[in-house]
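Below is one structure. I have some questions about it.
Read from first to last, the chains carry the letters A, B, C and D; within each, the first residue is number 1.
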Amino acid sequence: MCGIFGIFGHPEAANMTYLGLYALQHRGQEGAGIVSSDGRNLYSHKDTGLVADIFTADVIERLPGFAAIGHVRYSTTGESLIQNVQPIMVNYARGGMAVAHNGNLVNAATVRERLERRGSIFQSDTDTEIIVHLIARSRASSLVDRIVEALREVRGAFSLVFLTETRMVGVRDPYGFRPLILGYLKGAHILASETCALDLIGAEFVRELEPGELVLIDREGIRSFKPFEEVPHTPCIFEFIYFARPDSFIFGRNVYEVRKDLGRSLAEEHPADADMVIPVPDSGVPAAIGYSQTLGLSYEMGLIRSHYVGRTFIEPKQSIRHFGVKLKLNPVKDLLKGKRIVVVDDSIVRGTTSRKIVSMLKRGGAREVHMRIASPPTCYPCFYGIDTPTRCELIASSHSIDEIARYLGTDSLGYLSIEGLMDAVGEGTYCKACFDGSYPVPFERSQEGDQMALFR
Amino acid sequence: MCGIFGIFGHPEAANMTYLGLYALQHRGQEGAGIVSSDGRNLYSHKDTGLVADIFTADVIERLPGFAAIGHVRYSTTGESLIQNVQPIMVNYARGGMAVAHNGNLVNAATVRERLERRGSIFQSDTDTEIIVHLIARSRASSLVDRIVEALREVRGAFSLVFLTETRMVGVRDPYGFRPLILGYLKGAHILASETCALDLIGAEFVRELEPGELVLIDREGIRSFKPFEEVPHTPCIFEFIYFARPDSFIFGRNVYEVRKDLGRSLAEEHPADADMVIPVPDSGVPAAIGYSQTLGLSYEMGLIRSHYVGRTFIEPKQSIRHFGVKLKLNPVKDLLKGKRIVVVDDSIVRGTTSRKIVSMLKRGGAREVHMRIASPPTCYPCFYGIDTPTRCELIASSHSIDEIARYLGTDSLGYLSIEGLMDAVGEGTYCKACFDGSYPVPFERSQEGDQMALFR
Amino acid sequence: MCGIFGIFGHPEAANMTYLGLYALQHRGQEGAGIVSSDGRNLYSHKDTGLVADIFTADVIERLPGFAAIGHVRYSTTGESLIQNVQPIMVNYARGGMAVAHNGNLVNAATVRERLERRGSIFQSDTDTEIIVHLIARSRASSLVDRIVEALREVRGAFSLVFLTETRMVGVRDPYGFRPLILGYLKGAHILASETCALDLIGAEFVRELEPGELVLIDREGIRSFKPFEEVPHTPCIFEFIYFARPDSFIFGRNVYEVRKDLGRSLAEEHPADADMVIPVPDSGVPAAIGYSQTLGLSYEMGLIRSHYVGRTFIEPKQSIRHFGVKLKLNPVKDLLKGKRIVVVDDSIVRGTTSRKIVSMLKRGGAREVHMRIASPPTCYPCFYGIDTPTRCELIASSHSIDEIARYLGTDSLGYLSIEGLMDAVGEGTYCKACFDGSYPVPFERSQEGDQMALFR
Amino acid sequence: MCGIFGIFGHPEAANMTYLGLYALQHRGQEGAGIVSSDGRNLYSHKDTGLVADIFTADVIERLPGFAAIGHVRYSTTGESLIQNVQPIMVNYARGGMAVAHNGNLVNAATVRERLERRGSIFQSDTDTEIIVHLIARSRASSLVDRIVEALREVRGAFSLVFLTETRMVGVRDPYGFRPLILGYLKGAHILASETCALDLIGAEFVRELEPGELVLIDREGIRSFKPFEEVPHTPCIFEFIYFARPDSFIFGRNVYEVRKDLGRSLAEEHPADADMVIPVPDSGVPAAIGYSQTLGLSYEMGLIRSHYVGRTFIEPKQSIRHFGVKLKLNPVKDLLKGKRIVVVDDSIVRGTTSRKIVSMLKRGGAREVHMRIASPPTCYPCFYGIDTPTRCELIASSHSIDEIARYLGTDSLGYLSIEGLMDAVGEGTYCKACFDGSYPVPFERSQEGDQMALFR
């Protein structure tokens, strides 16, 4: 997961980009970067860490110009190396170019190998660098044609913003895996992963880019292209379930409302006889509200979340039980004491955190703990840009619901069905490969192995 | 407001204190410090900033010993100077001593002047330094007697932890303004402002210190003293309303439950005909839940709070409307559109933030906005350690409810009554001077002036 | 100017490289980097600033392996951008490769343009990146052949060290512009710009690489190649005059002794009737000693140099006369008072600093100031890696000695003649284009313009 | 050793103080601080580290006002704790006061104990804090009287600058141990440890403060007092030998010239039959010049000093012979080869460094190494502010010259005699206790023990 942002035609382009990235911080906390243009040169600054720590007033001042693009990075490899932080900025025959990428290419290894055989050199491990090489090698005469030619050689998920000295380009892959929205602020055109980035800077939401759409923005305005062959649209359903901010509008719906509907479906499929419903904050909040409303149960904030997480903490040698979870969450014991609790979360990945939460609630005095998950069992890894572990680590890929319930220590466990999920999300087709294993874009065989290796 | 923590008899005393301070971070984000003892020397580290940034593994290692005390500071003067960060550590005739203080003395100026006339020098602006001087000048032969002699000369609010090379002392002033609780972990005794600090390190909650109680902790165990004249107990009711964490237990009750009860009383006093109830997160959450449950209205998270605030942000020159509030909160527009909203907050101080929130909700599409405040109008400044502005800045001190409602732009406004407040809090007497102006400990005339000056 | 270092076969390769770079710090203070190899992977760390600030114990630990190369950078463009710091590390079809470069290519623009036309992308402004691209595009089957094929396409000055997972390569261009020496320490082979880097780590000086020589170092030992066509050797005479450390041995001679001989020649050509000879420290010291010994004049340290320079200093608004020079140098006024002084410096570039020094000495009480320069007038810019200003800024390119003397305010001025210079340096041919404009390798016409632009 | 600076009546007082401290950096590299006054308040900033790193433009801006004092600290205790960095700034009955101290009190422990018994608290280990307490306890009505009353209770070495909101005071102890000079710049009065601080800011040298003199500087000008009983003057002769900068004028003479005269006396007492004279840079340079001129021997820079020391260096596990010295010095081997060398240093303390230098020269090829020391054997510790080790660590306190020579591995060793020293220094009486053990101010018996403990 990553977040991208671009603005063209604003006198404080870098400052607006910095704020846009701050609003998209939930999509990546490992690193961030901004490249700006003043019409003649590109200026770059990037680093590992949080947006607010990386960009000081001094740094923003050294990013002049009327256009800028930015990126927040979620490290998918466990390594937060500075050279992998985006935007990638290069010089090639046509001048300077920078690019920020949200998504993941499935034929990266093959294309990279082919490029290397022809003499390309790589300075990062990102698949984004491949796109830049393909553009640089294109003989097409216009920027748009070069980008299109390059993107026709790659397959997978990509929402991209490009910046040259005088132009900004936004593209969404033909499947539409990742969101990309268009905004407008006093003459400036904006591209962003989610609408919450528009809200912070007071910009207007214009529309979502369509799957397969490319927009070219320059001094003369904005032009739209549909250069790719039409394929079935498969936006990532996990954006609704977990990634996007609840106040964002993506894929035609408001995320908060989708999540409440997931909670409603979940209540219908897996009701519970309980004294109260509590969410795992913050991701479980809307589904828990939907769940409680449907069943007429009390909604309570039985787990309090700390606001100061996000750093590394020094654990004592005499280690503390459930240390990692405790830094984030603490139960309201007087509320839970002797009560039958439904706890609602958005999904279960490895199961280790859920298990600690159940144990915390029980030790906090809860009489019964019923876990409800507002999505189906996550059985398959994602190859389109979400950092899921390998299959063997996904608890649901190799265990039955009963086995999982026993491992978690819950009195009952209910996952939303795929039908319930689709019902809640409403019309439209989605990529739900993580639940059903049906991958819309075939990936290279080796990748599953890589994925395995990566998380060994 | 500040938070204090102390632990005696633990092999990793500084590390536990660091975690305790992290759990108390909501009580002060301006600076933090730890003083530890290995039985022979005291070791100190303090700085401005957040606990997780100040204390690295390296720093913790340079704080050896089996005992430590710590402090998180909320700057009440607008200046976050390093010399005002606590614990204060000094050498005097009897060796080393460190102290961390939560509260505020009302006769600080008089005592300081008297001390200075006798030749005392001061290196900070804190009233805590006064206590240290009084102890150093005491001729009493035991540590407890010296502390008691010193504290008899000061008046006001103080929860204190002291550390010498071989002893830890905790004291709560006779009025019991600020909380101070006692915990236990594998042979170690713990003092902390709130129970949430015990939860994080897996310690057991033993009991609250009583108002006027002093405990001496050393190698031989813990001894309790009641050295002060008995006075009526007046714990600060604002701890329940705003300061303490909802998962903490203080003044005999769980904070979350008190806040829900405030919401219930508020609903009874000021019901509303509306489509949904939303909190101002996070402080308004429990009251909003209580309010919605009482009236059978839907509870929704209509305002999404960012997790990454707490730093200074660079605002563009073309300033953004409601920039400060937008960095923290964003409305879920699709949820609010055309709806009649009750928005619940814990209190109103100046009214400027509330006004921006109302405007945000209306611009976000809300048809009606009804504001409900889970405490009475804040009309009087606090002299016991809470950083309220001067009277002239407290909007409720000079405006009627109607005038405030007009200023905020709400369709209706309801404050909880003092009776409703007392009803919700339950039995017990409290300091509620900020609401009714009846100050349990008389303050020096000049102080109100100072307070005025401070916030000019 | 830059400094390079490499070591192969040492268990603490990165630590030794760090010390080597520290010894070469005088060749570049803008930035530094190290790439190490453990046989399987390359590890990199680089940053702007001084070696001792960039490499902490933590950083060194994250650079494991038995081989490492490093670079200290002298920014020739006025911009100390992180992306221009070397070694450059890339992945290409044959695996990983890193390179560190001392020198400057004269056909960089042409080759870069050709590469860009074929689709190469560039992430830095350095000409070193061109070499990497040429290697990556080579179809030759061995590393040595690929490097040779690449280097045959470039012209100019290059001393280079390469590192792959399993091999280290050192090359010196056929002209031998920049030094490169070979050392040995307990089984490990070392390459370094100057012998002073060997001294610090206690390594043995083996010999200098010959112009046009390439050495391949791997587990099997060291092999030497002479793959380039023989051309006349033209090592840079300015290394003797200014750049190299006086304790180093390069181009067959000890630098200190060469400088003393320059002072001797200078004394013979331009004696002075004076009370004492003083150097401009530190670069003028050996020549001043040689000068004073030849004429039997007293040598004195009449200018004291500060040890703490190298940072930016805050000048008061009421600016201080000669602030920049004063931060570095202060005259010993009691020594100079009423005296006739010969002041010896290595060279004059723009003349501004020399002018301030003369003024300082006169205001310090000197009766007469005679300036003697231990090299001929610098009239031509360097295109082989030395950061000289453009011709129009070189005071000697457009002014007679008399005019310069008047500008400096000296009572007399004497430059060493080219004959005197060659006499002092001894046998051997050298590049002395900065003095006589006869450039051994023709540069592209546009370059002079670039050079002009660069320093506008 | 420490350096102090003060300026009164300059619009950029803090900036000038920062530059003054930079010029005095050789007197202390452990920490530095500045306190400024704008007539109403005092402003302070201090930290551990070097002046140029501590004071950025931002920091200087937060130190407003027309008056400022500063301090550079040489840690005498091995611990560079932030609380020991000066100036010390306090509030007392008469307002704010700051003080910076160069020197050492010999009755500190006794006075501190007496103060603590009366209830004083201490926040640092510095004896300077004692002076502040004594001033605060004085009942005298004027600032000067309070300072004088306080200083009459202490014994030892003190050059002090005080700053209040409206006044600056400079004092030199009656013995005149440490220098303190008076300067003038466009209406502003300046106090500084050495004249080199005046030179950097372009100020005029007015005169030295006399031993026992106190000057009061305020809006009305400067007034001089001689409040102490007259005692024999004993300025510290080690200032001439080692501490002061050669370009400074103190105790009535220029330091460079004194050092050359030391070299001359040394040459007369201990001539040598040698090929060249080399200094241990930089402290041995003037004496080596004096020595070589007297005997007509060649002076050479046979040891090259690195400009980038002053940080901690990471030594490899396979430790490097003479690592510490090599980081600073490297021999010019080609110069030394087969030669008979006289190496001149200012003094020998433990002998460990000298031993490594001799070994380095011999391994560098020197045929003979004759060491000459421009001061007598250092046999006794200093109690007046110089950080000498305890007696048992001073090699000369327990070994004969022959034994030392053998330990160092020299072919011969000559120390300047006390008579030769006094002869070179010229008229005037000095403290030379480190050489002859005759301490002008008796110290407390316990101190020698402390001193021992300190350096165990």
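By our rule, a contact is a pair of C-beta atoms (placed from the backbone, for glycine too) under 8 Å apart; a residue touches a chain by one contact, two chains touch by 3 or more.
Predicted model, so just to flag it, every value in this text is computed and none were measured.
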item: Neighbouring chains common to chain B and chain D, by label; value: none
item: Chain pair repeating B-D, as identified from A-B, A-C or C-D when over half of the contact pairs by residue number coincide; value: A-C
item: Furthest chain, CA centroid comparison against chain D; value: A
item: Centroid distance [mean C-alpha coordinates] between chain D and chain C, Å; value: 36
item: Rounded Å distance between chain A and chain D, as computed from the means of their C-alpha atoms; value: 60
item: Where chain A and chain C are represented by their mean Cα positions, the distance between them in whole Å; value: 48
item: Shared-contact residues (touching 2 or more other chains) in chain A; value: none
item: Chain pairs in mutual contact under the definition given at the outset; value: A-B, A-C, B-D, C-D
item: Residues of chain B that touch chain D when the two form their complex; value: 44, 83, 89-93, 113, 116-123, 132-133, 136-138
item: Of chain B, residues touching chain A in the complex; value: 11-12, 15-16, 18-19, 22-23, 25-26, 50-53, 55-57, 60, 186, 196, 199-202, 245-247, 249, 253-254, 256-257, 282, 285-286, 289, 293, 298-301, 304, 306-308, 310-311, 313-318, 320-321, 326-327, 330-335
